[in-house]
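Sharing a structure with you now.
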Amino acid sequence: MPGTLDLDFFRWDVVAPFVAKGLGYSVWLTIVATLGGICFGTVLALVRLLGKPALERPVAIYVNIMRSVPLVMVLLWFFLIIPFVTGRPVGAEMSAIVTFVAFEAAYFSEIVRAGIQAIARGQFNAGFALGMTYGQNMRFVVLPQAFRNMLPVFLTQVVILFQDTSLVYAIGAYDLLKGFETVGKNVGRPVEAYLLAAVVYFLVCMALSTAVRLVQKRVQIIR
Amino acid sequence: MSQMKPMIEMRDVSKWYGTVQVLDRCSLSIAKGEVVVVCGPSGSGKSTLIKTINALEAIQKGAIHIDGTHVNSPRTNLPKLRSRVGMVFQHFELFPHLSVTDNLTLAQTKVLGRSFDEARTRGLKMLARVGLLAHKDKYPGTLSGGQQQRVAIARALSMDPVVMLFDEPTSALDPEMVGEVLDVMTALADDGMTMMCVTHEMGFASRVGSRIVFMDVGGRILEDCTRDEFFGNPTARQPRTKDFLSKIIQH
Amino acid sequence: MALDWSVFCKETTTGDLIADCFGSRGDQTYLNWILSAWSWTLTVSLGALLVALIVGVAVGTLRTLPDRPWLASLGAAWVELFRDIPLLVQIFLWYFVIPDAFPLLKKCSPALLVIVAIGLFTSARIAEQVRAGIRSLSRGQRHAALALGLTTAQTYRHVLLPMALRIIIPPLTSEAMNVVKNSSVAFAVSITELTFFARQAGEETAAPIQMYLAATVLYGLTAFGVNRLMHVIERRARIPGFGSAGAAAVH
């Protein structure tokens, strides 16, 4: 019967166990990739801003590659290569975490780099004039300001990240989308399952992006 | 034939932006061939007033008629009406991606339905009239402010308007270029064009204007009298007007 | 670690090595296959980009109409809808869910559905950029066009959009490159593009590194090509007197 939906399917007890497992992984992946991505991304950005071409070149190449290659290909690459590097087989879930941290680091490094460069030179000079070292300057003067300015952009990137986690489909990891797909196959209702997946993603992402807009307004007022 | 229908007629026009009133029961009548200069301090609503005439700004109360056509009626064909009213803006507003010739012909072909050759001939004739025929293939970005404004005047004239509206045409120009634009406007007035100008240029007003209208903060018309009366009889003027004139004439 | 590149000369069904690597009369080497996969990537990318530009410009324009707030809200809802659902999920919707509701779509080729899916996903982002571009133009440009008698549609077509599109060429270039990367998600519904090839061929030949490497290089080449193409477009659209941004003097 094309065109009709079996709403019986939308029963929490049917759907919950599979979806919960998938949602847990998607959220976990998003959090780890965000924190790891920001940490490594900041390091990469700082290295690029040091002004030493020998260090800057490899970082630039890394960032450009990560930004030019489709995420699905990067997932496939890491899933292939990691077992060679560690010498042991690696699960799709673990591989995806490493991939996302490495991938997001490139994107976050560009955001952080832009944020640091947007801080006026004068701030930097003021820190030096007070006798601070480069490291202290960064830690106490520049980075705190840069991070606060870049907060809305960071959060937008997190929303994109959460959506991108669905791509672990390529290596068979069990995320939110896979959870819905599994339910759909088990009860023989793939159409309703994909539709429900779309609705859930939409609600979550819309809530997140509304939160981002509110943060944006507040950051502007503070300045 | 003594009583001729006015070219522009505004009756009790009022406008609010939210709770702030920017035009307060303005009434004004401009006959064919008259040159009316509107002056006043900033915040007096003079730019808003002139923009209500061709419905670029909406009004909440009152009525405006151009050559008998009711501007604010929902049944009025606004594009057709606007094609008969020429407007020149403070910031010139030439279309930067089009050459001077294309700026002149765009509305003629799209609005008046003229053929491209007809539009080009007419446009270049107007361009010559403002003294810039040599620049017909240039782009606005390469012209000076004074040249851009003269092209803008030619663009409006190409539509063969019945009345020309000028919204502070020289306010954004460097001083040495103000003269060339005022010369074009003076020639237009001498040729009998009906004109309404919002401007600070009192010299122009006293030489070319047939009537002066003074507006005050809050959107009210305080004075509406002939040029000779305005400049020649200062004691009869309102206190705010005298105040304004003394500040202007100092420069 | 030397890689055996001759695997590309293997025939896909029998595994035989074929001289000069191109199969004929029904035989197909992996080299044939990767080139065909590349053409699919290009087809999906270009098709999606076309859909995205047409829909994106339309929606972005709708969001800037000053006197139709409900259309603007509709546009905002459209953008929100297509930005808050992951691309892979959207592709599944078009491939599984929507044909179930509209059986007519079951006759469409999967490639067409994927092009629509990626196109609409990208259109939301392009709509935002078009909206930003139009809003960066001064209000005077719109007023000048309307004052000449151009209708709203003519104003957008001849004055606002030509400038806005020039202004947003840099973000449009990023979007075009994103579309190429996003075409990889089509593998999930068995479109035989580069990612599908990489997975499948990698498994079949047990030489995944060569396959992945070749696919990655081709993705890189395609992105580079798109970048150069946009650069050419940007140069040809440049306006004299304006520098590369095209917005320098538009106040």
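Going in written order, the chains are labelled A, B and C, and every chain counts its residues from 1.
Basically, contacts are C-beta pairs under 8 Å (C-beta built on N, C-alpha and C of every residue); 3 or more make two chains touch, one makes a residue touch a chain.
Every value quoted in this text rests on a predicted model; they were computed, and no experiment measured them.
Undergrad: If every chain is a node and every touching pair an edge, decide which shape results: line, ring, star, complete or other.
TA: line
Undergrad: From subunit B, which chain is the farthest off, judged by mean CA positions?
TA: A
Undergrad: If you average the CA atoms of subunit A and of subunit B, how many Å lie between those two points?
TA: About 56 Å separates the centre of subunit A from that of subunit B.
Undergrad: Which integer distance in Å separates the CA centroid of subunit A from that of subunit C?
TA: Comparing mean C-alpha positions, subunit C is 22 Å from subunit A.
Undergrad: Taking each chain's centre as its mean C-alpha position, how far apart are subunit B and subunit C in Å?
TA: 47
Undergrad: Quick one: which residues in subunit A touch 2 or more of the other chains?
TA: Residues of subunit A never touch two or more of the other chains.
Undergrad: Quick one: which bits of subunit A touch subunit C in the complex? Just the residue numbers, please.
TA: My answer: residues 2-3, 68-73, 76-77, 80, 163-164, 166-167, 169-170, 177, 190-191, 194-195, 197-198, 201-202, 205-206, 209.
Undergrad: Within their complex, state which residues of subunit C touch subunit B.
TA: Residues 138, 140-141, 143-151, 154, 158-159, 162-163, 166, 239-242, 246, 248-251.
Undergrad: So in the complex, which bits of subunit C are touching subunit A?
TA: 80-81, 83-90, 92-93, 96-97, 100-103, 177, 180-185, 187-188, 195, 198-199, 202, 208-209, 212, 215-216, 219-220, 223
Undergrad: Please give the residue numbers of subunit B that touch subunit C in the complex, ascending.
TA: Within the complex, subunit B contacts subunit C at residues 51, 54, 56, 79-87, 89-91, 93-97, 106-107, 110-112, 138-143, 152, 155-156, 159.
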